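Each of the two complexes below includes chain A, the first together with chain B, the second together with chain C.
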Partner chain A sequence: MTAAPDTQGKTATPQVMDKWRRRGLQAFLAITAFVWLVPLLWAFYTSLRPFSDTAERGYVSIGGTYNFDNYTQAWTDSEMLKFFINTMWITIPAVILILFFASMAAFALSRFSFRFNLLLLMIFTAGNLLPQQVIITPLYRMFLALPLPEFLSPSGVFYDSYFGIITIHVAFQMGFATFVLSNYMKALPGDLNEAAFVDGASVWRQYWNIILPLTRPPLAALAVLMFTWIYNDFFWALVLMVTGDQRPITSALQNLNGTFFTNNNLVAAGSLLAAIPTLVVFAVLQRQFVAGLTLGSTKG
Partner chain B sequence: MSTRSEVEVAVARERTKRKRFRLLTNRDLGVLVFMLGLPALIHVFFVWVPALLSILLSFSRWDGIGGVEAIEWIGLTNYEQVATIYPPFWPAVVHNLIWLGFFILIATPFGMFLAVQLDKEMKGSKFYQNALYVPVVLSLALVGFIWQLIYSPEQGLINNVLGRTDPENLIDWLGNPSINLWMILIAASWRHVGYIMILYLAGLKSVDPALKEAAAIDGATSRQTFFHVVFPVLKPINIVILVITIIESLRAFDIVYVTNKGTNGLELLSVAVTNNIIGEASRIGFGSALAVILLIVSLGIIIPYLWRTFRADEVAA
Partner chain C sequence: MTHPEEPLDTSGTQISRRNLLKGVAAGAGVLAAPALLAACGDDDEAATTTAAAASGGDTEAPMASGTVSVGSNASDPLTKDAYAAMFARFEEKNPDVTLAINTVDHNTFQEQINTYLQGRPDDAFTWFAGYRMQFFADKGLSTSINDVWDTIGANYASSFKQASTGLDGNQYFVPFITYPWALFYRKSFFADNGYTIPTTIDELKTLSEGMMADGFVPIAFGDKDGWPAMGTFDYLNMRVNGYQYHVDLMAHREKWNDDRTKQVFATWAELLPYHQPGALGRTWQDAAQTVANKEAGMYLLGMFVGEQFQEVSQEARDDLDFFAFPEINPDHGQDSVDAPIDGFMISKAPENIDGAKELLKFIGTGEAQKFYTDANSNWLATANDADTSGYDALQNKGAELIASASNIAQFLDRDTRPDFASTVVLPSIQTFLNNPEDINGLTDSMEEQAVAIFTE
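After this line comes the complex of A and B, so read on.
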């Protein structure tokens, strides 16, 4: 599948030209890749230097001290750990619920033919493509009005509670996950159901024992993708979570910037700290992340 | 596809449908309704109900105080005011259009171009690919912070390299309303290009190599092969990429909000909506009218796209 034929012989131009063109391309890609890394490298470099050094020598300079003090300061002053924990309270339940609900819906939509199958799938997918701001105004009022028991929300309503934030993530991202999973399940052989029916397996057992285990690859891919997306959410928590201390890290950065991150060295350290979980995803779970992204565009 | 075969497909499908449902017991049917119903209910209640309420509330005046009975119905007044006396509206429309134009004409084609080059699998391809794709895992809010380190007037990379950090000659990249949108677009493209590259590369890998070989045997150059063979074959992916580009342009919010809360040259429709709920004055009807404008534009893209995708599926099934 990845066997890319060599470009040699594809063109009518002589071999020499081809070689030079390849070198040119190589150089172009190398430069582009380097340019792409500059912002992160620059942030890292800035973060390693004490503010006094950069103030004295300028930001574009070498020499002086290099250490991780900015990280320690950014971490402790802003109580960053708290915001990471907040993020986990939201992200982990949300991802699990999304996969659970979306796989159920996808199973029903892909393995059985209802009259409204297509319409429902379209509603799910379209909902996920809407800009979040389209629904925020009424949603904000709904969140203020809808009651929740005390143990789910100290505020007594959806607004300003983890439960509320989890709910909107689940409702919103479910569309994409359902779309991806139903495409995948559709491609599984139909005989699986038929055989199970003959054996007298209930619909639930077909879902849980037969289809779901076969759906592991896209579930893993979606889990990674959803984790990243929800971790990266800025908007929902900004609007629907008023207590600053309860905000997840991505939304909290807005307040930390200027209050605790008072110079670029600290901004750099704080930003990179906040980026660590997703950079770990990039490094370790890259395959799943890319698979998740592309599952939605290429039919699984 | 001819009408005749479409009919045949429909008939065949109808037959299997009947067969399947005969096999279901009442209990199984109940379980299925639950499995589909609960997710559908959550999704519709928290996404589509607010979307429809946006439309309804856009014809009203309500500051959110005094409950639902305090809502005053005022017809199209909100829309009239949005278009005539709301200062950020037209700048926001223009900025969203510039955003869209920049992405469609520059960032997205560049991402596709890089994917095509990386697909040639030269030495180091994997490394280049990774470098381009790192920003994709970062949030746009974080992208905003990281680029602050480059743009900021006194402590930023560019001004320090240019030696323009003195108050009298510094360039305020993010503060000057005639350039800041473009600077933000560059920062946003840093992420967008990688995103498009990854998607398109996956598409390119799915193209049957035999097609390219056949074109090469016929004497096509690699450029001809791409434009006449690969690009047309990738039509579904091309459409996905176009839709993603448009939607991302409409959604743009985080990066301008962390930069200056979407003011002073960075007004966007998404920010305008948000400011009418979390700003000092909560103007629900007015904010809804802005949201409806965004909704109509979005659905104008989303519905034809989904219609096309799912209909093609149906026929192919």
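After this line comes the complex of A and C, so read on.
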């Protein structure tokens, strides 16, 4: 796996060998990282060039004009800000609700022992295994039939409303969030609850003031994950929304395409713009994100 | 437009919207979902009849007023603006009517059409003529508009009315814009090299030999997305066997393993050496670019190819010209054209049917269509009274081509069942392009699948 040559390994002192191993590993990692970044860098490079240049010279070429025109055009043509705000109307409430409900479920499942405790957790986890698409037909029918008050949905039903989309996101992401959170909470010492109970704390107080503050790392990690997943979602809005003006950001990119003709350079610029919010969220919460990846892996 | 029942294409690694979508679709089965839902539409037929009957009573004094909602797939800025100007003109002429436009991007609109029409569709919506329209009309998801045709009928050639008529003989569609398919080339390229326009298949072959001798690719070709090559099949079939056979084959009244169908593939196989190799890995845009760069001589495609030339440079766009697909069988000459039509329909139970019909009557005028053809010079108006003064040379020639044709086809994926076009014809043509030897095996397999799909 490392690039350290054999001859050196035989004769060199352990320290020297370590040094070479380390260098080999770093070279390997650098190359791998570069290979991963190539498509992104290429998209960035392409996005800086006007279509006429790449059309004449090909995408693998140097020269011509370089500027940020594609970015300004993508931003205005796709009305990206409007669709970005739409996405936030879905993503932020959904993430908050998921974390709130999942933490309550996880609290009950992990901190109390009762008969159907494990079964319930299994049901939550099993919900995760179900491919979302299999329920789309009944869900579509249900959404058309379920009424909602006017202030929650202009259409009067779940269909074609943010409320409906948020609901289905919450329903589907709850399973995973509950699973992760309950594993984390199980690892917290049981004495905490007992001590609080002895001091007269209600169940709500035990949850809100004792356990929840201790669960901050997985909550932050989940928030990042959920944000990314819901931000990138495209399926539910495709089937369950009809109002073009309310669509999420994934459809803004499609506004950049003509009926037949696609300016790939423009789309590259738009795609990179659309990717920025997830990158920002990741950068801000990076530490929690990495910690979150291994959460629950040692328990359960 | 023609392309899109986008097939699952797993070959795409390039970052483009379509591939991105397809990637999502392949992973998530998005495409399967609308198909599943298609089966659920039957219970809604009653609604159509009621709506139609109710409107029938009102026609004596159709004073249109109120709000009409319109579902539009015109999402790119150019088209969106053209539509906006046209709709504004309509409101100006009908001060009592307000339009509420719901613009959904083109691709999404197409993919969700099933759920859209069964759910809460807008009163009027953009769609395509031919079988694509008939399919939904037949499912009771659209309201017939014979009375609109009483008004606009005189303004259309009979072929357009035919393309707007459902399987039950009623009209469901008002044609808005269209564009022809033909062999496109650069005038300067032909002039510089002394090439002449071929009118028969033999002349086309001679011309191609000459281009190859000069070191050019005679016919540019790209079929990565699967649909462009359907245009070649359409033309070969209409030239070899005639329009009627083509239509019958599309409706599966003729067999795919018929000798006449095999003759189409055999003719294609003869022409393949003149086509750009490696077509399955090339998009139409890349293929068109080789014509723009004068590396290839000609390209059989829709007039939308002009958009690509426009983006390259105005000079390239001005240099673009086309000629009709050459004659193969003297019985049929060059009498048929592939010219897909985009237009408007009314959903099954519109809230404002009088307003929607009034809008469709306006859509069926040259005045309305001019807004579009002025904005995008790669499309043509469909109404007889269209003002063509704003047309450029290419548009004028396209209009002539369509006017001179005895028969107009809508393009393969609009002329037959969408599921048959995308799951059988598309991959079969790609198989053929990979291996043009086994025509018998290919056509037998196509026929077998056609039987399965059409007898469902």
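Operating definition for what follows: the second predicted complex is superposed on the first by the 246 of 300 C-alpha atoms of A that agree within 3 Å, B and C clash if a C-alpha of one lies under 4 Å from a C-alpha of the other, contacts with A are read in each partner's own complex, and residues count from 1 in each chain.
One rule holds in what follows: contacts are C-beta pairs under 8 Å (C-beta built on N, C-alpha and C of every residue); 3 or more make two chains touch, one makes a residue touch a chain.
All of these numbers come straight from a predicted model, not from anything done at the bench.
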Contacts of A:Leu152 with chain B and chain C, given as first, second, both or neither: neither
First, second, both or neither for A:Leu253, with chain B first and chain C second: both
Touching partner for A:Leu118 - first (chain B), second (chain C), both, neither: first
Touched partner set for A:Pro138, first chain B, second chain C, both or neither: first
A:Leu29 touches, of chain B and chain C: first, second, both or neither? first
First (chain B), second (chain C), both or neither touched by A:Ser271: both
Touched partner set for A:Thr178, first chain B, second chain C, both or neither: first
More chain A residues in contact - chain B or chain C: B
First (chain B), second (chain C), both or neither touched by A:Ala126: first
Partner chain(s) touched by A:Leu109 [first = chain B, second = chain C, both, neither]: first
Set intersection of chain A contacts, chain C complex versus chain B complex: 39, 43, 131-133, 136-137, 140-141, 144, 234-235, 238-239, 251, 253-254, 257, 263-264, 267-268, 271
Sites on chain A touched by chain B in the complex: 1-5, 7, 9-13, 22, 25-26, 28-30, 32-34, 36-37, 39-40, 42-43, 46, 54, 58-60, 101-102, 104-105, 107-109, 112-114, 118, 120-127, 129-142, 144, 167-168, 170-172, 174-175, 178, 186, 193, 197, 202-204, 207, 228, 231-235, 238-239, 250-251, 253-254, 257, 263-264, 267-268, 270-271, 274-275, 278-279, 281-282, 286, 289-290, 293-294, 296-299
Chain C-touching residues of chain A, taken from the complex the two chains share: 39, 43, 51-52, 55-56, 77, 131-133, 136-137, 140-141, 144, 155, 157, 159-160, 234-235, 238-240, 242-245, 247, 251, 253-264, 267-268, 271
In the complex, chain C residues that touch chain A: 1, 3, 14-18, 20-21, 24, 28-30, 32-34, 36-37, 40, 71-72, 75-79, 102-108, 111-112, 115-116, 119-122, 284-285, 289, 292-293, 302, 304, 307-308, 311-313
Contact footprint of chain A on chain B as seen in their complex: 13, 16-17, 20-21, 23-24, 27-28, 31-32, 35-36, 38-40, 42-51, 53-54, 57, 64, 114, 117-125, 127-128, 130-142, 145-150, 152, 155-157, 160-161, 165, 190, 194-195, 198-199, 202-203, 205-206, 209, 212-213, 216, 219-222, 225, 236-237, 240-241, 243-244, 247, 250-251, 253-254, 257-258, 269-270, 273-274, 276-278, 284, 287-288, 291-292, 294-295, 298-299, 302-303, 306-307, 310, 314, 317
